[in-house]
Amino acid sequence: MTALLALSNVSKRFRGLIAVDGVSFTVPQGAMFAVIGSNGAGKTTLFNMIAGAMKPDGGAIVFAGQGVHGLTADAVCRRGIARTFQIVRPFPGLSVEDNVIIGALLHRPDVTAARGHAHELLRRLDLFDKRHRIASTLTLPDRKRLEMARALATGPRLLLLDEVMAGLRPTETDRMVAILKALNAEGLTILLIEHVMRAVMALASHVLVLDHGVAIAEGSPEQVARDPAVVQSYLGVETV
Amino acid sequence: MMARLTAGVTRRSAIPLALLLAALLAAPWLVNDYLLTMLIIILYFGYAGQAWNIMMGFAGQLSLGHALYLGLGGYVAATLFTRFGIGPWLGFAVAIPVASAAGAIIGFLAFRFRVAGIYFAILTIAFAEFARIGFDNWDYVHASSGLFVPVKQYAHNNPWLLRGDPTMFYYVILGATVLLFVLCHFLVRSRVGYFWLAIREDETAARAAGIDTFRYKMIAVVVSAAMTSFAGVFYAFFYNNLFPEQVFSIFRSVEIILGPIIGGIGTLFGPILGAFVLKGLAEALSSVMTAFGIDLPGVTQVFYGVCLLIVVVALPDGVWPPLARLLGIGRSKP
Amino acid sequence: MPLEVYLNVAIGGVLTGLVYGLMALGLSVIFGVVRVVNFAHGEMMTVAMFLAVVLCTALHVDPLVLLVPIAAVLFVFGYALQRGLINVFITRPEHSQFLLLVALAIIITNTLLIIFGPDARTVETAYGFDSFQFGGIIVDAAKAYAGAAAILFAAALFVFFRFTLIGKAIRAGADNHTGALVVGLDVKRLYALTFGLGAACVGAAGTMMTLLVDATPLLGPSYTLLAFVIVITGGLGSMPGALIGGVLIGLTEALAGLLFTPSAKSMFAFAILVLVLLFRPQGILGKRLA
């Protein structure tokens, strides 16, 4: 497998605090790659740097053979990396359909074509019947899927999901897992950041564990779960 | 072309729209000169409000300094006419790049330096004030003593020079208002329009969806400024005079935006409806005052303020959205 | 021109600027806590100015005596306004708030116009033509009193916010709205108090302003703009920032009036505003807003 995304020695400081400290990893093409870690481990900072919302202080982020570190969020998206937000933010006053059309218009300048593509995605994500609803009136699981539909509509090669399972009930989580598996099976590379361990272990092909801004383990879910450092610093804390 | 023009217009809204247009076209035969002049002023505000709405209603950028673009349009056209005999349409062609450049400068500074929200609004006021003070001291345009477009008795209406009777001015501003309406109808249903709405709703999310927000905000400012400049050209030739103190004043900017806010921000009918409501209100109030024999300066204005207050308290989204629901005309916000 | 001329004008500008600063302080306090931009600020100040003019003439007293009573009247006005009208608009979009306050400004200006007509009114004081002389430097007595009163009033307000329980509660509400609700603060009442205090600043500033300029109903909008310029320059939400901004703008206006033409003075004030917006958007003393 070739690497789609490669981070080398990426760092970010806030004032004195080192949020991400020299993190390196590669996400292979077609992977379902999970980054886990406790609160404050630097997951969201890492995520924001990949998505272009923050500039790294050092290191390189290479996507599909080109450096994307320091690009703006919109430029990163146009290169083929789409994201969701930890606290969902669909366009609140617009209809579900319009939300997704906006994403689809990125590579399909014709509105009719964009609407067609949007409908396809809405059907896949079980939102087609709600396409005329105003986004702000949807429930949280629906808004999460709407945001995913908008991200997918931009035609990404890599999908970044920030705690997409958080706040979902078990049945909703299973639904989301099924959707992600199906997308991944079609060849979409996915990078998820999760706090919820259980879902990730069942889903991910690769796992990276962050602790206080440092990558302490990387490998298959089984390998990581058995790693003593992980057990001590992360799982230990979680299960106590 | 016709098919595209009517795309998105439901049958239910097509009939009232056609009736309205027919009534507006027939107006010069139906009303007297006084009412016609009122209609001209209403359409002028409808036009200017629509132009402002591109920036605020669609792209979410609150400008409180649109008098700048209006004044620039007026001064460019009037100066070219009085100094060089160049007609107002050519003047408009020159005013477009001038106003666009002004908008682009403000937009560039604001969006590059991340001046947003209320700060952006204040920045737009500041630039309009610069223009007011600058023109007030600029002798080439007769500074504070004002620029006058010569009024001669024209035997025939000359639409090319915008010299003629109210009927001619009426059709000119009606045409402009309809054209701008159609333009906005297309814009808001186009790729640019969708991107504007995205920026208005949530700029960070818009960027995450790959939208170059700087670029599309710039387009909104430039289009809005260019379109507003025509309102200035019309103003100059309709009123035949320009004073920096009046055209560039903050009052002018506020006057432009009251209509769309009252009518419904971000809607196509809002600006025009708002202009009708506001002007109708002002006229009705002053006739009531006259009927009661009250002739104090300010009384009408106080009632006007009170009515504004009531409208804004009672109808937070403006008059059009609830009215559209009442008439059963589709979605009000695109 | 001799140096004394510049110094005289500069001192006059600074003293006027202190009164500007107090007016702007009202705007800043209101925005800092209630998060509503008071577009009727200058209009509220003209109300205070006319109150001062009428009462001074009727009671034959000095404006400085009326400072506190007029501030109190404006406090009540501001409190009632926030409680009755503006509170509903706190969660509405900016343009909606703008329209509400513009409507209010129209009502205020034209009510004053009905009552007093468009002519300028002045206050006669015993010290109207007095001045203090220090060597070659001459300071207008009226300006000196106005500036001193502005400092005193601002200091009193500062003490209130710093050391009283209510003042601390208001600042807590400004820092963290939800937090204030959680610990059981009556945010509605605090907002009304804040608006009242902002209006009281305007009341005091307006009273003193009658010592400096003639009152006309149409002064409102230009003072609203001036208050914006000052507050953004000093830092929106910062109390000392408003005073420093006021002094800076007062000084700029005075010197620009001397060196160029009086009509260009607001040009310089706006130029400062634009520079601040671009290069230090949080203002001279403000914290950067998220």
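In order of appearance the chains are A, B and C, and numbering begins at 1 in each one.
To be clear about the criterion, contacts are C-beta pairs under 8 Å (C-beta built on N, C-alpha and C of every residue); 3 or more make two chains touch, one makes a residue touch a chain.
Since the model is a prediction, treat every value here as computed from it, not as a measurement.
Centrality annotation: B (chain centre taken as mean Cα position, compared with the mean over all protein Cα atoms).
The two chains most heavily joined by C-beta contacts are B-C.
The most distant chain from chain A is C, comparing centres defined as mean Cα coordinates.
Separating the CA-averaged centres of chain A and chain C is a span of 49 Å. For this pair, chain B with chain C, the centres built from the Cα atoms lie 32 Å apart. With centres taken as mean Cα positions, chain B sits 44 Å from chain A.
Remark: chain C residues 37, 85, 88, 92, 94-96, 98-100, 102-107, 109-111, 113-114, 117-118, 221, 225, 228-229, 232, 261, 263-264, 266-267, 270-271, 273-274, 277-279, 281 touch chain B in the complex.
Within the complex, the chain A residues that touch chain B are 51, 53, 72-75, 77-78, 82-83, 85, 89-95, 98, 101-103, 105-106, 109, 111, 114, 150-151, 154. Listing the residues of chain B that touch chain A in their complex gives 189-191, 194-195, 197-198, 201-202, 204-213, 331, 333.
In the complex of the two chains, the chain B residues touching chain C come out as 56, 62, 64, 109, 113-115, 117-119, 121-123, 125-127, 129-130, 133-134, 136-137, 144, 250-251, 254, 257-258, 261-262, 265, 296-299, 301-302, 304-306, 308-309, 312-313, 316.
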